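As written, the chains take the letters A, B, C, D, E and F, and residue 1 is the first residue of each chain.
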Amino acid sequence: MKYIEEFRDPALAKTLARAIAAEVAPGRSYRFMEFCGGHTHAIARYGVEDLLPPAVEMIHGPGCPVCVLPVGRVDVAVALATQHDVILCTYADLMRVPGSKFDSLMKAKARGADIRMIYSVMDALRIAEENPGRQVVFFAIGFETTTPPTALALKQATAKGLRNFSVHCNHVLTPAAMRAILGDGEKVPLDGFVGPAHVSTVIGTQPYEEFTRDYAKPVVIAGFEPLDVMQAVLQLVRQVNDGRAEVENEYSRAVTPEGNTRAIALMDEVFDLRDSFEWRGLGEVPHSALKIADAYADFDAEKRFSVKTEPARENKACECGAILRGEKTPEDCGIFGDPCTPENPLGACMVSSEGACAAHWTYGRFREKKAVPA
Amino acid sequence: MKYIEEFRDPALAKTLARAIAAEVAPGRSYRFMEFCGGHTHAIARYGVEDLLPPAVEMIHGPGCPVCVLPVGRVDVAVALATQHDVILCTYADLMRVPGSKFDSLMKAKARGADIRMIYSVMDALRIAEENPGRQVVFFAIGFETTTPPTALALKQATAKGLRNFSVHCNHVLTPAAMRAILGDGEKVPLDGFVGPAHVSTVIGTQPYEEFTRDYAKPVVIAGFEPLDVMQAVLQLVRQVNDGRAEVENEYSRAVTPEGNTRAIALMDEVFDLRDSFEWRGLGEVPHSALKIADAYADFDAEKRFSVKTEPARENKACECGAILRGEKTPEDCGIFGDPCTPENPLGACMVSSEGACAAHWTYGRFREKKAVPA
Amino acid sequence: MSRTGRRALDLSRGQIDMSHGAGGRAMAQLIEELFFGAFDNPALNREHDAALLARPEGRIVMSTDSFVVSPLFFPGGDIGKLAVCGTVNDLAMGGGVPKYLTAGFILEEGFPLADLQRIVESMAKTAQEAGVAIVSGDTKVVEKGHGDGIYINTAGVGLVPEGIEIGGERARPGDVVLISGPVGDHGVAIMSKRENLSFGSEIESDCQPLADLVAAMLAAVPETRVLRDPTRGGLGATMNEIAQQSGVGIELDEAAIPLRREVKSACELLGLDPLYVANEGKLIAICPEDKAAALLSAMQAHPRGRDAAAIGRVLEDDRRFVRMVTGLGGTRMVDWMAGEQLPRIC
Amino acid sequence: MSRTGRRALDLSRGQIDMSHGAGGRAMAQLIEELFFGAFDNPALNREHDAALLARPEGRIVMSTDSFVVSPLFFPGGDIGKLAVCGTVNDLAMGGGVPKYLTAGFILEEGFPLADLQRIVESMAKTAQEAGVAIVSGDTKVVEKGHGDGIYINTAGVGLVPEGIEIGGERARPGDVVLISGPVGDHGVAIMSKRENLSFGSEIESDCQPLADLVAAMLAAVPETRVLRDPTRGGLGATMNEIAQQSGVGIELDEAAIPLRREVKSACELLGLDPLYVANEGKLIAICPEDKAAALLSAMQAHPRGRDAAAIGRVLEDDRRFVRMVTGLGGTRMVDWMAGEQLPRIC
Amino acid sequence: MCLAIPARIIAMREDGLADVELEGVTKEVSLDLVPEAGPGDYVIVHVGYALSLLSEEEAQRTLALFAEAGTGAAA
Amino acid sequence: MCLAIPARIIAMREDGLADVELEGVTKEVSLDLVPEAGPGDYVIVHVGYALSLLSEEEAQRTLALFAEAGTGAAA
């Protein structure tokens, strides 16, 4: 597949591995966070870890919107689907995400709720048109990648006067989460970021400047193929070695400095910033999510339907927060693998195969724990 | 079972058989019509024919409301169930009755229509209460037996303000059909009637006086057990022999002269007489059916739902009319058994096991055609 | 941590979801924790998709039936017991000694695991009673609204001893028709629990495995010609099948057909003919007239045939009609049923 | 007039209704006109609930599977072909020569008779190709909304020649893992026709009977230890099952696993891992290292194994992990799948 | 349309309903059309409604008629 | 949430839709977010929408970087 397979070439992987190993400064370690689950997935699925020198440690960030959706929001999705006689449409990824009391959309569906896994928000619009007698709610999740399609759907629903369609908005923002991870900055044991691939196709490279400027952390935006990740690591090692902190764009084949200005304008029009939003593992993060703007309030499922949910609580034993901040690894968690597994996820990082714990459990647990030079 | 098995006793059957044989006048024949399908069924199922002398011939009347429902009314039932998103409730007997183009409620259900077979109109009311979001239509068929329960249901729906319930009324009247069979009287080759059992529990014995008075046909009201039928035959033979034409009540254990006055009053209140109604096999019969009275018009499905049906036609080859009037027997019909069978009924009499053709096909076709003395 | 790293199945409150049929760990867990425990036997425990069995002594018979009964639990049994009895009995009716069963489950999303456990345990118990091993199984999960809780298919293999020749085509004029007990119990027990019909009664399904009864019968009268369990369509359908296959007529004697008074009452109430009501633990046997007394004795001597009776005889009739002398003393046809028997009001 | 007095089935416009499952004449007609014609064989035509078969030479294997696929017709096959291949292949994977099948149909009210006919004819054709006889059947009809058009269960019996010992527990460290051709064709062909995913492609299901391939393989290498068809759950699930049952580890070589470019593309598009996508005409074989070349040649010499490849080896590993050297040159686990594989967007 | 059977009232329930018994089988029916019926009475039951009371005396009279027919014929 | 793949536009459809191709597989996607894209262009496809154009030139440049890393390391 053109523009895919070239970026998985094993010969080039060896080349890059040698280059990284050669550039690593003796006696020091490099801790890079790949923000995106897409990177986490690529690293785990292709075994990139085996091609990196021991001195480079990859920290898996919170860039999986399914993982970071808080328990309470999953409860709302379940409640919407079960307390109102709606057709709830959502991306398949969300189906198994656990809410309170081990409940999930998958289980609600098994109990009889009308929940449709869709591939695209266009499908939700079509379902609404085909079922004029039913209320159709799109439970929208995702970063700045899925957000523009949701914005388009809201505009289309308005244009068509599709009164039985609404959106429950849970869209979140990447830079805000990176800011939350860096917190007060100094103590965070990270030497740089592999920056988002497809989020950056939309928002461009500019929003990452604050991290190089305010936190002195290098950022290399990279594609989701394994060679992209390796090249980004190489560039990060070089920046660290050089004492630089710059935004570099490894994924220049799809990402421009300004991003997709049309998509950005759309998001601005249709959504407003929330003051604060809860992230699983990170807690409340200010200005980290979007809500539907007043002009589209008629299509806001949060306003159209009131749902009752119990106050939700994250699992206390879960170390996700520390793992997402790079302070701990999955194996440091006392319940990793027992009882927390992908079938029975008890924390954010075990929810999707892009989560740090799930990726390690599913793809990496055969490895002995690698000794990291301190 | 008390009051059932005593009336099926084989020793008494032999006694009655001997008595009938003994009373039959040599050299003459007796042609009696049992009006009701209940009698037809009892005769066929218990093999009563084998216990009657050759001189007595039983003609099977139109007393099966499922058989006499015209094709066009079945089409309306199918259309109601398929053109409006209603829950159509009806007695199971109606499910297989063919409308136009071999269609039926059973087939409409197979295509996805929400059709519920109910045992009692109370079930239809319950379904309406349990499904407040759906329109529930009771497709009401039957003689004066099922009619009072329908009347009660309409009164209950009114009392409860059950706005999603309505009745499609197809109730028909027994005496009108008997009148239609007798027509202008003289030419009809019938020597008397076995009169209705359960219809008479409601309407009493009085309505049959006109047939003895105006047509000089003896009527013996009889229960639906085989000994009841035999006793009625015995009494009819005696009346014929004596030259009498009286209303006699063999079923006095359940039928009184005045009938169930409460039920009669209910029917009067809730229904009005139709000017005319079509019967399968008999054609249009004046004053032979009921419609919902104006006071209950809100619950009249004929007014609430408009349905589109093609003009319906009975099968031309079908001899039902002549059979119902006692002029022909099922085996006189050119298509009896091929292709007209209970699986593929092409005329009224083949529709339910109470119909003349179906009863003969199902229970009697092993018999050689009995030679009837002319 | 168990070998696949997971919590145990929640058998009290858990429900089937799509993952239990998807071939992953959830399915493996369901099979391991629920099915293997109940159906314990060496062939099954190989955890292979196919079960390896010993070399059979004799000809084999095979049969299959799917079970879609509603309600799933009814007086006298459940769908699991039914699924085992159904195939065991069909094998026995082929003259076979039932040996091995397979079990295929189609589960609807949302089905309670507790119900599944009850059903599986009932299957295991019945299989043990019938002397068969459940050697291979399969589980599929369908979406909500595409099933009815659970459907079960069983298929089986039995061994036919030398000298036994049973077949629906072997009835001969003059033969005697026997039945092992009263008709209609199963069908009426089921109907008594249907939401829209419900009536009170003590009627229990007759659902039971008949292999041991058949063994006793064939030991007494190896010349038995036809065995058949009058399940769906009841005695009426079974008699017509045999008349059709053997090219004969059959005459039944209504007064001789065993029928419980409760079943008779329920049939009166619903306008049903008990001759067409399903049985799940009865058999019809046809044998030469001179063996009928011996066969009847053998049946009556067995606990599952205590109420056996001779109910008719085979006639010569090119039209292959089944007729019956009625309790009243007349005669009628017992025809194929047209469509399914529905409760009548007329 | 036909023997039961009726019109012929309307195969072009007719639909299943409840009467086709009720044990009366409508059901008899369906079975006679539709099934007997297609599945013609002496055992079936006895019209008995159980089929009498010859005395088998050898040990027997039994297996069952139910088929609930949607859509019913897909590129490269249909549910009928699948139902025959599925059980034929499970029997072959047990080392058996498949001989007899039973077929249980669960039909939903309203199902078009024309579709049923197509499916039944496809089963008959596939059975002939696979050398098996469909000897016993069953038909049930469920109400609208309680099925999905048609579900089919097949169960089967095969005969295992002397000297053949196949089992999932027989893999030993050092053994070689072979596959008969590219993975994922069936699952992707099915998904390409699902309403909500539909994409264009020429991908056809690999659905095919493998009994002749297995016969050729066992003739060449009777020492073959494990045979397994990687159906539901794909290669990933099958490898884990074998590792679990044999108490070993397995290492796969991603670069060696045959995979069609269209299947690869579709998996990229939907975010699926082809290792977990279902196959219906492929097999995994495990044999001692010194027989691997002979076995691979035998596979590649057969039309159904032309694209066979050696894809891994068995390791000693108490943890029974399946791992894989990735195409990139790293290593990863190939774990049990958690639940069913859903199209991902993240 | 007129399948109806005699059954004995064994218990009165609310809302005009009663349980009737037919050897070994019980069923809830409405007495709205024969409110005068009470426990022990036989009623003719049709589509879940009692249509009329059954007169035990008349039943015996009718049975006697049957037997009498025999005497008549024998005579 | 950001599974996205490069695919080539092979046909324009109505309503801002287009068919894209990924070796042997085609899929209908919306070009509403990159209306400037046309036949022959590669676009990054995500949840049925093209998110951005793919620059073939930049892709080659990045691949060249990988190779170059080798030269650097070897050096």
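Just so it is clear, contacts are C-beta pairs under 8 Å (C-beta built on N, C-alpha and C of every residue); 3 or more make two chains touch, one makes a residue touch a chain.
None of the values given here were measured: they were computed from a predicted structure.
Participant: Which chains lie in contact with each of chain B and chain D?
Facilitator: C
Participant: Need the graph distance between chain A and chain C over the touch network, please.
Facilitator: The fewest steps needed to get from chain A to chain C is 1.
Participant: In the touch network of chains, how many steps separate chain A from chain F on the shortest route?
Facilitator: The least step count works out to 1.
Participant: Same or different for chain C and chain D, where same means more than half of the interface numbers show up on both copies?
Facilitator: Shared-number fraction above one half, so same.
Participant: Taking mean CA positions as centres, which chain lies farthest from chain E?
Facilitator: F
Participant: Which of the two pairs, B-C or B-E, is linked by more C-beta contacts?
Facilitator: Top pair by contacting C-beta pairs is B-E.
Participant: Taking each chain's centre as its mean C-alpha position, how far apart are chain A and chain E in Å?
Facilitator: Centres of chain A and chain E (C-alpha means) sit 74 Å apart.
Participant: If you average the Cα atoms of chain D and of chain F to get two centres, how far apart are those centres in Å?
Facilitator: Result: the chain centres lie 37 Å from each other.
Participant: Check each residue of chain A and list the ones that touch at least two other chains.
Facilitator: Residues 1, 4, 37-38, 64-66, 91, 93, 96, 106, 119, 123, 142, 146, 341, 343, 361 of chain A each touch two or more of the other chains.
Participant: If a residue has to touch 2 or more other chains to count, which residues of chain F qualify?
Facilitator: In chain F, residues 1-3, 5, 22-23, 46-47 touch at least two other chains, as defined above.
Participant: Chain C: which residues touch two or more other chains?
Facilitator: Within chain C, the residues that touch at least two other chains are 17-19, 25-26, 143, 261, 264-265, 268, 338-339, 344-346.
Participant: Between which chains is there touch?
Facilitator: A-C, A-D, A-F, B-C, B-D, B-E, C-D, C-E, D-F
Participant: Can you tell me which positions in chain C touch chain E when the two form their complex?
Facilitator: By the definition above, chain C touches chain E via 199-203, 260-262, 264-266, 268-269, 271, 344-346.
Participant: Which chain A residues qualify as touching chain D in the complex?
Facilitator: For chain A paired with chain D, touching residues are 1, 4, 8, 10, 13-14, 37-38, 44-51, 64-66, 91-93, 95-96, 106, 116-119, 123, 142, 146, 226, 341-343, 352-354, 361-367.
Participant: So in the complex, the part of chain D that touches chain C is made up of which residues?
Facilitator: Checking each residue of chain D against chain C gives 3-4, 17-19, 21-28, 46-56, 58-68, 90-91, 93-96, 100, 102-106, 135-138, 140, 142-143, 145-148, 151, 153, 155, 157-158, 160, 167-169, 228-229, 231-234, 237, 241, 244-245, 276, 278, 320, 336-341.
Participant: Spell out the part of chain E that touches chain B in their complex, as residue ranges.
Facilitator: My answer: residues 1-6, 8, 22-23, 30, 32-35, 42, 44, 46-49, 51-56, 58-59, 61-63, 65-67, 69-70, 72-74.
Participant: Please output the residues of chain B touching chain E within their complex, sorted ascending.
Facilitator: Against chain E, chain B makes touches at 1-4, 6-7, 9, 12, 15-16, 18-19, 21-23, 36-38, 63-66, 91, 93, 119-123, 141-143, 145-146, 148-149, 152, 196-199, 201-202, 223-224, 227-228, 231, 234, 250-256, 260, 262-263, 266.
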